[in-house]
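Next come two complexes built around subunit A: one with subunit B, the other with subunit C.
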Partner chain A sequence: MLVTKNAAELCVLLVNELYGQLPSRLMATLISKGRLTVPHLAHHTSLNHRQVRHGIVVLVQQSLVFTFTDQDSAVTYYEANVDGAYNLIRTGKILDMIDTKFGRPAKLLVHDVLLLGHAEIAEVVRRYKGERTSQKKPGDVDPCRNHVNGDGALSPFTDSEEPDPAGEAYNVLAQLIGLGFLESVSTMTYQSPQDFKSTVEQDVLKDFPNGVRGSKQASEYDTRLRERMREIRAERTSLKRELEMKIEFEPSAKRRKLLNGGASNGLTLTSGGYWLRDQEGHTVIRLNYEKCLVELRNQKLAEQVEDLIGDTTAHVYRAVLSALSRKISGCQADPSTMTDDELMGVRVKTGEVYEHLNPSVDVSAGIGTASEDEIDIRRAEKIRRYPPETKGSSLRATLEEGDELMASDDEDYDHSAETGNGSAVNGSRESKADVVNGDVSPRSYRLRWMRQHLLILAESKQGFVRHCGSDEWTVDFSPLLQHLRYLELDTMIEETFGRQGLRLTRILREKGKIDDKTLPTMALMRKPDVHVKMAEMEMAGFLDVQEVPRDNNRAANRTIFFWFFDEERTLKRTLDNTYKSMVRCLQRLEVERRKKRNVLSVTERKDVKGMEEEKLRGDVYNEYIQFLELEKKLLGQVSRLDDLVAIFRDF
Partner chain B sequence: MSGRGGRGGRGGRGGAAGRGKAAPPGMPFGDDPTLVAHSQPSETYPSSYKPPVAPILTDREERSVACFVAFRQAYHDTPFYTHRHFSVESASASDPVLRLYGQSQINARYGIKNRATMDPFLAVPMYSHKFVDESRTLPELKGARPYVKDLFPEELWATLDGKDAGGPKGGFPSKAKEKKGTKRKSLADRGENDLFVDYDDDDDDEFGLHKRLRNETDEQRKARIEGAGKEGETEDVEGGEELEDEEEELSQEDDDYEDDEDGGDYDAEAYFDGGDDDDFGDDEGVGESAMDF
Partner chain C sequence: MDEDTSTLKTQLYSSCEETANGDPGKLFTQEDLMALDVIPPKDVKKLLKIIQVLTDERLFAPVYMPSGLAWRLRPQAEAAKYKLLTTSDQVMAYEIIDNAGAEGAWQQDIKRRLNVQDHALRKALKELEAKRLVVQFTTVENTSKKMWIKANIKPSSRATGGPWYTDQFLDEAFIEALQGVVMSFIKNRGSYLSKSGGGGGADRRRSLSPVVPKKGVINGSSSPAALKSKKRTADAISTSDPTTTTTTTTTSIDLPPSSSPHKSRRTAVRLPLPAGYTEYATTEEITAGIQAAEVAKGQPLKREHVQELIDVLVWDNRVEEVRLGGHVVGYRAVRVAKQSTALDSRPGTDDFWEPRSNGLTTVPCGRCPVFDLCEEGGPVWAGGCEYFDQWLA
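Moving on, here comes the complex of A and B:
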């Protein structure tokens, strides 16, 4: 994979920061030189083979390299996994996300899995058990448990009960694997994507001894290739699907889901945990960053809703997203391996959303009431079957909308919520007065309010939610993220070039290429102002100009200059600049460490570590605290920049 | 966008220093008298630069930074972490972010830990050393945790066991020649698949494969002990010659920079301590072979 210099530097710094110097040296060489064998690595790094092999072991353990063994010569090639190295920066975010979503035990388990890189399930559980028992001793301070969990995730441990850590660990692991946050590892996961693809291709080509000739064979080859890919993918996720099923049919599954998975205290094994212990103890697992990314994307979108609409609506949106993301495995799914279901787009029922809604949220808040005649129910309840891009079939869409609308009107009086199956409650405005009087069950009452929030989301300009069928909701991620991308880019342009620069780029984005004579009139700005701004932005690389000569002389005054805004290139440049800023933050951290090295060398002593406050002299301690503040600021800045990268690149 | 040298010598030459003047004729906006172009390069760094101050971290950000730091700390306490270790010159440089040109300069930046580079004043055991963590330059793999050897290339297996013999083939479970012999033997004896084919075979379920793999490594370990006695007598089947050649070629290449491969006739390190890593203390394992350079 090709990366820019800054991205490569960033990856190396990250590996150095977390895993130490030796792996980072190897990583640097692997990124800059491509795939290498151990002797070549030794040659380039001036290390000896023994050191190289030790470093490589660490990298393989943490899945930071792809390996490829040539079967004839038994020579193994290593290739840097740049994405994996970049993902290290998200360690903190992922751990925090797991903590808020699944509670403390899950976080500890993921922490262990991350520490181990990949590990057998049995080993993870063993470690967890060890930690749990050692934790009970007083005075044992573990830094990773110091922070306060603020999001109300229920901790299953109270002092009164004596939990069985192993059982609990199996339960939580079963849940995490079932939801896809942990994935099983096989030798195939160590193949680089290109190698994987070419192996599959060669595999399929064996069925065509004479080569692929003609369009008919080509299409047959394509379908076979796709089938094979899908099979392999299914094989990889077989453990996940098995556990998913078990979680689904768990009698207490619904309760647990609502309590963010914290309610199982390990005294009783869930069927998933039981199965995991007895059958799959030797399965090797690691963290699935793709799935974690989906969850981080949900967080980001919910924050956006919180900013734009409101707190309660954001809670509802969180519920929508978490219901949806059960069916999404990655942010950028590869269409060649997608199942039909995914290609159609995932959608959720209102009832499913309700299942995911935190019961403590007061859904009636954050929303006003309007009298019945002020609401155009046909518009409010309008169903949009097709995502916003496909406008070609608008006629059919409108026709069907009409039908659907009628149908949903008919359902208005079908209060199936009272019968308890929870589907198809169409909020009818007429009955709202009754609701307040309390003669409807609390569930349907909440459902109806929640539905109002969903409608607000569907009505929003950004299109946070699409009402895609009667009682079905979906989220069109790609236009939504496009919007987010523009939002970030606009903020950046406004910060650098002011409001006028922003106005110009927005005009250009809207209209495409514009002659520099018409631009000032369109922007309602003075001509010189426009020119100065444009030149400034061109030098910064946000805009570009195309010259079209009117005759052969190519004289400047006979040439038309078209300004344009190249989004793709701008994104790439911005991304690279962001990497650079991150690199600088990490380098700054190194400089600060060096400045304070006298203090830090003291705090790293075994007798001081963990009880700095008592052991250190006052001024030294103050200096240490200052350094910690600084480190926090720098790492915080890096993680903010990573948010930007995630929006521009990964989501 | 200075006009200087822009488009084929069309105007805009010879502007006095610092004085703004009308844009060169011929530029698209050249007819505008109010527009001035500066022929002097502008200041690259504005004198009144006020960097924006970042807002304080939100709760979530603070928590995730805390998680990151805790994870880093936890990893640094594992035996896999290798400490920063720079050469004397680069460690004493004022700027840790040095500008380096070429691989050799980058490599020279890192320190080598061996008997030649140790500080004679600090190397004497002192009381305060009790509290200082030893700094690792090589991860301690042996016995740190169970490994899933299936996921590691075969050339790293001995490294995982802490039995890395050094040299280009030192990571293989046994010496290459003997290993080939073993492989054939196991093929003949047990009728199992070829080792290499086996390695990439994914059809089996994880558990079964794992179990068999463990058997295999045991077998090999046994075979290595056996093979150590009767060194040299390896059978030759025509399939092996091809491999042999390739290895020859590789070792030729290696010889340029790694000469302890045959580990026999003249081995300077082995002269004093028998070349055995283990008797030298754990943390100095690197030094021995690092002295080659």
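Moving on, here comes the complex of A and C:
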């Protein structure tokens, strides 16, 4: 992550919000000065060594700094983990996501892991047990309550039979680790990616005592390096794969439940649960943000489908993404460590999608009717074996690209839908009927309708889904995300500069550089209007202008003005503006807190906390409620801004 | 002029006419003329002589090409006009205007090329005007330029701006109204208007796909989609039929009537059509629709003009292309889930019942005029910011 002034400010504010002033001061120094030792840190912050060590412990615990110990001098350096600090903002979103996907116990467990930063499995289970037992006492504080963005309104546990909290915790942890949401920590995880890479490189270089010479050795070195990287990754994920396999071998009904986040009461341990309890109690785990990001990306994409196509289709898309993302470990995976599966591009069968479809969704809704002679089945079922090439920024170019591929094999379309229900049902493990709104409708009926939604997604301009083989589906994330980035930019441009401003930018994006004479004709706008709009947008940094003088004296009337859309620069600028806006929201929150200091200090008291309504005087309570409203509004806004950051930077 | 030359001249001219076959822009190089087999082969000298004669008589107009000299035919009647000219200034000025054709010639350009005094040129042009050979006109590209054109032809559409211009002014109200018509046409053709909100409704519950068989329970021609594509388009246009070319501007400012569909949005939504749908509106169909609705005043809108309107809607992010197979392109409305359910459309006002937004459009800073100045300890900052005050209030 490129650290701009605004990004740095944001990270420091976030650390301050969650861990207080001391760590945030250290963080600020580390960001601005680069890697430092404890004495240097003490020097730059005017704190004493003891204080610095205190702060550093917190930062290390939360993985907010990387450490690097020089083998020869035994001096340890600390370096800010800016991405880690930024991730703090997503805590609330991640907890909500875990809650919807895996249920309340999973949320509590992840919450514990987050509080601890990283911790031994046994320790996490112990804490969880303690919380579950104390939950029974009325009026106790929900530990999720005071977390940033965490919504406090949760229903209490309603398990009728007395569950075994420890067993439950092991089961859920096994599930979360197996699916990649939690990961085991090794010493290497404390190193910054660059340090990690150079350590491995040094390691491999030892096999070349005379140095790497010539192209043959160079390529050998490269292969070795890649192998080594892969080995390390395999080591790191060995626990995950172990547990994944255990899920795979569970009986199918249970397996499905585990994959889709079914809960367990812990009375019987799953084989993964056993394994964790008996073998891995001392393994240290932490949250795997990358995997969580995949899940957040799924949510965002489904929201987009809901907005652009419709909500039934969005449900189907959710199923596609959830089926796909089992095989995806991160949004921007590094090709050098990708598994073969990932390199080939992951794809899913229609049947797999169906397994992930929420059974309560009425898939027969959300599509208009058309008669048979209005449908070109070959076009609908068109198979596109290769991803679109994103050349330049012109979306029209992408379309034509795809068409050429299409023309090359005209017969290439999916026949399975024509031959009736049988072949459309892949891996039919279950043939019992599902119940939709009181109507009994067989699985094949639902499958057929679901398939129609898939085809609509495949036909979408944005390319939400690619029909990549007979009854196979995939998502080309990178061009799709590019599309969404433009969509967000366009939303902002239309909001700020109106429909005509949007028109002008999109013309430039499609056509490249255009002089100021041609533009009005294409846009069907009056010349002066165009000029005013263009100047406005240039000021705001959405457009650039290039002056090409026709002769040497550079007079304005002898100069051609070329307007163009500098995608790279615009995205960067927008991203930084987003950081800045987030900073402003958080600063405002600080100011509001100071204003309401006296009310808030009362609510901080142990005997008041959790029982504000009973303990506070009416007017004070109202003031407190007002403040909560305001806080919710500001933090909600920060979280919406974070959605944009995710789209522009992370997904 | 001897008899031989005179016959050859006539022969060459008519054989050129034949070859050109009514194309006034057809160019003849020396080789082309030789190949016509009128002049004895290899007698280049003769050919050049004949060409000279024809050029003198204005029946040939020389054109300087990068590859060399070539000639264009000038009809007899046009050539005869040169006989009316009395001064060489007149001849030269007329020649330039003549060659400029429908684009017309800029007085300043004529002056530069003739290299004459201003008053001499003005005199020559006055005389030409008096002879009803040329007229002055203005081009929309630059209304302050003095342009001249031959009296018997009309300025090109580039000069008049085509149908979008009325007296050199871009007729924005007219364009807006037409955009509304095009938009509603595309929208109604390319989406399914569901009154029940959820989509299919009970009658479709048991069918296996949204594609209903041609001859089945539902008769092909009366199926909802068929009805929509054949009939609704007509009333879509008649509802928005702008006798309104002049009144649109006023109606789009006070827009109470169109707010009613918003309230009914729970029950009525637009749904996407099944993949592979072939009836999305094409440019030709939209053109025909507009012509049938007689929206356009005076001259009928041509296909290319309608295409311009559609392109603008694409750039406005209101419609998108769909390939219908081969090179046929159809259009459908974007963001069908949030498209307004109203049958007609007025561009820019209520295309969607819920506008798109994101973090930066809702936070005050996203549209703050002093964003770049805002700084803790600066002239403006978050704590004392009035935009936030308003937003939080």
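Everything that follows uses one rule, which is that the second predicted complex is superposed on the first by the 550 of 651 C-alpha atoms of A that agree within 3 Å, B and C clash if a C-alpha of one lies under 4 Å from a C-alpha of the other, contacts with A are read in each partner's own complex, and residues count from 1 in each chain.
Just so it is clear, a residue touches a chain if its C-beta (ideal position, glycine included) is under 8 Å from a C-beta of that chain, and two chains touch if they have at least 3 such contacts.
Only a predicted model underlies this, so the values are computations on that prediction, with no experimental measurement involved.
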First, second, both or neither for A:Gln637, with subunit B first and subunit C second: both
First (subunit B), second (subunit C), both or neither touched by A:Ser364: second
Which of subunit B and subunit C A:Ala523 touches, first, second, both or neither: second
Subunit B versus subunit C as contact partner of A:Thr312, first or second or both or neither: second
Subunit B versus subunit C as contact partner of A:Glu381, first or second or both or neither: second
Partner chain(s) touched by A:Arg499 [first = subunit B, second = subunit C, both, neither]: second
Which of subunit B and subunit C A:Asp490 touches, first, second, both or neither: second
Which of subunit B and subunit C A:Cys585 touches, first, second, both or neither: second
Touched partner set for A:Arg448, first subunit B, second subunit C, both or neither: second
Set of subunit A residues, in rising order, touched by both subunit B and subunit C: 495, 587, 590-591, 633, 637, 640
Complex contact set, residues of subunit A against subunit C: 306-313, 362, 364-381, 396, 399, 403, 439, 445, 448-449, 452, 455-456, 458-459, 461, 487-488, 490-492, 494-496, 498-499, 502-504, 506-507, 510, 517, 522-526, 574, 577-578, 580-581, 583-585, 587-588, 590-592, 630, 633-634, 637, 640-644
Complex contact set, residues of subunit A against subunit B: 16-23, 25, 28-29, 38-39, 42-51, 53-58, 60-61, 67, 69, 71-76, 91-93, 95-96, 99, 111, 114-116, 118-120, 123, 143-144, 146-150, 184-188, 190, 235, 280, 282-284, 495, 516, 527-528, 531-532, 535, 538-539, 555-557, 559, 561, 587, 590-591, 594, 604-608, 631-633, 635-637, 639-640
Subunit A-touching residues of subunit C, taken from the complex the two chains share: 141, 164, 170, 172, 175, 191-192, 194, 198-200, 204-206, 208-214, 218, 220, 223-226, 229, 269, 271-279, 308-309, 311-312, 314-317, 320-325, 334-338, 347-348, 355-363, 365-367, 371, 374, 376, 381-383, 385, 388, 392
Touching residues on subunit B, where the partner in the complex is subunit A: 1, 7, 10, 26-32, 34-35, 52, 54, 57, 59-76, 78, 80-85, 95-97, 103-104, 106-107, 110, 130-133, 136-139, 141, 145-148, 150-156, 159-160, 164, 166-168, 170-171, 196-197, 199-200, 202, 206-207, 210, 242-243, 246, 250, 253-254, 257-258, 286, 289-290, 292-293
